[in-house]
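Notes follow once the structure below has been shown.
Here the chain labels run A, B, C and D in written order, and each chain numbers its own residues starting at 1.
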Amino acid sequence: MDSVQSVELEVPQKKGVNITKPRVWLKNEVVRVGLAESLCTYVMMVFGLGSVAQVVTGQGAFGQYLSINLGFGLGVAMGVHVGGTVSGAHMNAAVSFTMCTFGRLAWKMLPVYVCSQLLGSFLAAGTIYGVYYEAIHDYCGGNLTVTGVKATAGIFATYPAPYLSLLAGFIDQVIGTAMLLLCLMALSDQKNKPAAMGSEPIAVGLLVLLIGISLGSNSSYAINPTRDIAPRVFTAIAGWGADVFRSGNGWWWVPLVAPPIGGVLGGGLYKALVEMHHQTLPEQGQGKNEKLEDESIPLEKLKNICADVCV
Amino acid sequence: MDSVQSVELEVPQKKGVNITKPRVWLKNEVVRVGLAESLCTYVMMVFGLGSVAQVVTGQGAFGQYLSINLGFGLGVAMGVHVGGTVSGAHMNAAVSFTMCTFGRLAWKMLPVYVCSQLLGSFLAAGTIYGVYYEAIHDYCGGNLTVTGVKATAGIFATYPAPYLSLLAGFIDQVIGTAMLLLCLMALSDQKNKPAAMGSEPIAVGLLVLLIGISLGSNSSYAINPTRDIAPRVFTAIAGWGADVFRSGNGWWWVPLVAPPIGGVLGGGLYKALVEMHHQTLPEQGQGKNEKLEDESIPLEKLKNICADVCV
Amino acid sequence: MDSVQSVELEVPQKKGVNITKPRVWLKNEVVRVGLAESLCTYVMMVFGLGSVAQVVTGQGAFGQYLSINLGFGLGVAMGVHVGGTVSGAHMNAAVSFTMCTFGRLAWKMLPVYVCSQLLGSFLAAGTIYGVYYEAIHDYCGGNLTVTGVKATAGIFATYPAPYLSLLAGFIDQVIGTAMLLLCLMALSDQKNKPAAMGSEPIAVGLLVLLIGISLGSNSSYAINPTRDIAPRVFTAIAGWGADVFRSGNGWWWVPLVAPPIGGVLGGGLYKALVEMHHQTLPEQGQGKNEKLEDESIPLEKLKNICADVCV
Amino acid sequence: MDSVQSVELEVPQKKGVNITKPRVWLKNEVVRVGLAESLCTYVMMVFGLGSVAQVVTGQGAFGQYLSINLGFGLGVAMGVHVGGTVSGAHMNAAVSFTMCTFGRLAWKMLPVYVCSQLLGSFLAAGTIYGVYYEAIHDYCGGNLTVTGVKATAGIFATYPAPYLSLLAGFIDQVIGTAMLLLCLMALSDQKNKPAAMGSEPIAVGLLVLLIGISLGSNSSYAINPTRDIAPRVFTAIAGWGADVFRSGNGWWWVPLVAPPIGGVLGGGLYKALVEMHHQTLPEQGQGKNEKLEDESIPLEKLKNICADVCV
């Protein structure tokens, strides 16, 4: 959900090149980032919601619970390829919020990310409803319900298991998102053992698959405010009605509030226990980026080096 | 289905070296590309159709729906290894068509690709019928049918679910192929977050696996005209008869017409929302290839650089 | 479970730089390594135990045996990313013990590793009990038992199959851990075919997944003393009582004693049959590290080379 | 099953360095290669047979058919890591035979490979019988049979499906092994789209997984003489008796004879349709190795280059 390289939009403004036209540049950048973030969230959600629709309407003949884990996991991987280096492919307001908290994203970009994610997520819900319209109506006999044997609202938004209290569900969402951000921090920590260059999308995808396998049965692992609320609103409009907000003892606000808290908690835990203790070598300056440049030698750098020493 | 590096056959003809013998060179190139495209399509289809045959005739003892997703997904990955840099391993007329539309393949090469794919796909259907001849006849008691409890035509070509209308099936195929091409464009966009060098085959394979998991239950995700029509013709000849064209309210033309439309739609969407907005740095020239050369320094380039600065 | 690069803590003390302040340095290093080892064990165990909890309490609706294999396999992969180059991410006392035996870890660091692993493992058991508290009590009706139809102690620690004798279980654990260490040695042997640079976490994760698939049904493949005893103690305290030690004919000591023996056996087998026979080239000096530096050229080395030859 | 880099044992003898002591060197080399080939075959077979034992004796509670595919697939991957660059990790007499046919292995090394594979395979069968001794006897009530509801001989060697004739089984094994070698050739063809450097083991493992998913239900995809005959002999001795040779209408010789034929067929097909048509550039000399050296610049080469141009 985090492209591992988050965009730091304040940095370019500090550079002399952009000083003369910051407003235009920012507007373009917002459009550019917003479009990419919308598209990658859309891709992730079409694959994720599609896998749930297939399992629910297929009644076991077209995949099982593991298919859903794979659908969201690989969907996230494809989303990271699509959003990639343009927006960072957060696809998750809890990730964006945590990035802002730890200074990896400008706070003023947060609304851009959240709105783009909501848009992509809403359109994906519409797409999946369109693709599986006949399958859903054939399955439930045209009776769109949130609870019951033939309930179909769970294709779009998450609902808690019958035994789950709101408090336990809140803890479940905090811990699920904490594990997500803790591991995302590790996957992008260049001074530790990060995901291999170019394999970040699949590494992040496997992480989401893993959370589904191990922390998913309580409340279907939303761990993502924007993934959950936009399809919920869609279902409210599309025919499931206000039950999508009433169901589960008013569950709908939990995936909005708990994940950002969990994200900061998990990310902070990794920072406190591992990242803070990395030994800084005096000559490494800004750490991460410097080190990366050390390892791969771009053509121009090489020219300069040769020029420096030879001449 | 796309080897990520599509062959651009017009380029060599523009180079001086080939000017003197374009006709011979083209003929050889057509044979070379055609053979590779046939073989990789054959490999993909043997693995894909084999996985369906095993699930159908094994009645659950030798794999489930997920096996079929894995069979086609990993089959595509192996096909990309086989066709590789020779033909680009499209293995899908919708991919070839989209590549032509976006100028990545010469239009005159399209018939070569389509015919090679049809040939490979047809031979694979024959191979799988040979390998599973006794299994299929043991399963259905020698009664080769397209519909019914012991139907076996679905091993070779795709058929829609009973609830699916032709219109909904058309939309299903458009959207499935659109997601395929959208993500293929991202996987090969060197200015974004492409598949890591050398891992393209497995990335494309996981994408096809993902489409099977999330967009497969309506009509068995053909998303590929050549994958579908050649085995359908084979079954018509081999004993299933004209029902393979009549079944599903005359379904057979949908996987031929919808995928190319979806492919251009999905590829265009990625181009419009992401690729067009990449900031072109003035010194990057032709973009993609230039950048790649920047990152890996071939021996000869290095010599020249050193020579340039040192001497 | 082994980060493939084990920390060799005696080496820095031999270097002149650290001679003046070895005690302070060591204390800091112990804290640094201990925190990372605790956190990565915690991460691995939360994902692993979570996947078991989900399968047991979900009664088949939220995953099957394969989910547990994936949970521990990918959990180990994420743990290696988290512990990474700081502690080496052993997460397993049998791995630490084998590393000490073969001189890849100082013996005095063994207690630090074991205690950190016990702490992480215990806290993970607590976390999973918290997250699945309502699910577990809903499943077993509040009756926490070690044996019987609704037994839940197996979520946390391992218990043998009914048919298994203590001797056979001991052999099972010796061979399981031997296969683990044999393959870990191969995955990190730079003179053979090691895991690709950066892909070590997923390679080790697939190895653990594989052991679960092939050597797991006898006694749930603990192959790890610290993974097993800490959650067992937790369940003894949390309400399952002394049965967790009595069950399986007093099984609890087997996962403590057998894995270290198996680890040394398997690691030794690889060394005796493969590693010892590598042909040492005279100019390679210390082998592994030298060779690695040859392949990637850091910026400073390049400067020196250019300076050496040019000036 | 093929480490992608097969050892070419005749080459060193041609070099001046080894001329003085070829006999001693060869003897050592035979021991070195034989030990590695035995160990990697052992590792592959322990994981593979273990996964079958678990599925059979677990009666569905510890994995399904897919587990067996994963067990052999990932087992092959680990075997390639273990045998690696020492023996090439064929682990399959059909692979060794094909390599000899295409001149990638000296014919006089074939007996060394086959004997090592037989030894490793036999010991693995013994190990798995030891580990699952109580499970197998608990499952079948101490009655070791080759056919029937509680048959257990299929844990060790392959047997055809009831419907399969010997001729169809022969074709099944020829085609299965042909697909294996065809794809192995592609995975190691440096002029096409080979497996990424370092990812060969997992690529080969996925290929074997894929064959199990798509070409496995007829006769359990032996596609390997040494994998099949050694465990069959073991079971004949260990208590299953002569039925292991009588069963399936005398099936035992098919996995011995068909795979080498299939291997040469598949490898030859790839060579004829793809490899032979690669355009050789005049300056590339020996092709593969030359090209590889171009891409990664070793330290010493760099020194020489700089020295050449600067001085």
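Keep in mind that, in the parts below, a residue touches a chain if its C-beta (ideal position, glycine included) is under 8 Å from a C-beta of that chain, and two chains touch if they have at least 3 such contacts.
Please read all numbers here as calculations on a predicted model, not as lab measurements.
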**Asked** subunit A and subunit C are the same sequence; what rotation (0 to 180°, nearest 5) superposes their CA atoms?
**Response** 90
**Request:** Please identify which chain has its centre, taken as the mean of its CA atoms, farthest from the centre of subunit D.
**Result:** A
**Prompt:** Same residues or different residues: which describes how subunit B and subunit D meet, taking over half shared numbers as same?
**Reply:** different
**Prompt:** Between subunit C and subunit D, what is the separation of their C-alpha centroids in Å?
**Reply:** 29
**Message:** I'd like the Å distance between the centres of subunit A and subunit D, where a centre is the mean of that chain's Cα atoms.
**Reply:** 41
**Fill in**
By the touch definition above, subunit D meets two or more other chains at residues 64, 66, 196-197, 199, 297, 302, 306, 310
**Message:** Can you give me every chain pair that touches, using the contact definition above?
**Reply:** A-B, A-C, B-D, C-D
**Message:** Quick check: in the complex, which residue numbers of subunit A touch subunit C?
**Reply:** 64-66, 161, 163-165, 168, 171-172, 175, 179, 182-183, 186-187, 189, 191-197, 199, 203, 206-207, 209-211, 213-218, 269-270, 273-274, 277-278, 293-295, 297, 301-302, 305-306, 308-310
**Message:** Show me the residue ranges of subunit D that touch subunit C in the complex, using the header's touch definition.
**Reply:** 3, 31-32, 35-36, 38-39, 43, 46-51, 53-54, 57-58, 61-64, 66-67, 70-71, 74-75, 77-78, 80-86, 89, 127, 130-135, 137-138, 196-202, 296-300, 302-303, 306-307, 310-311
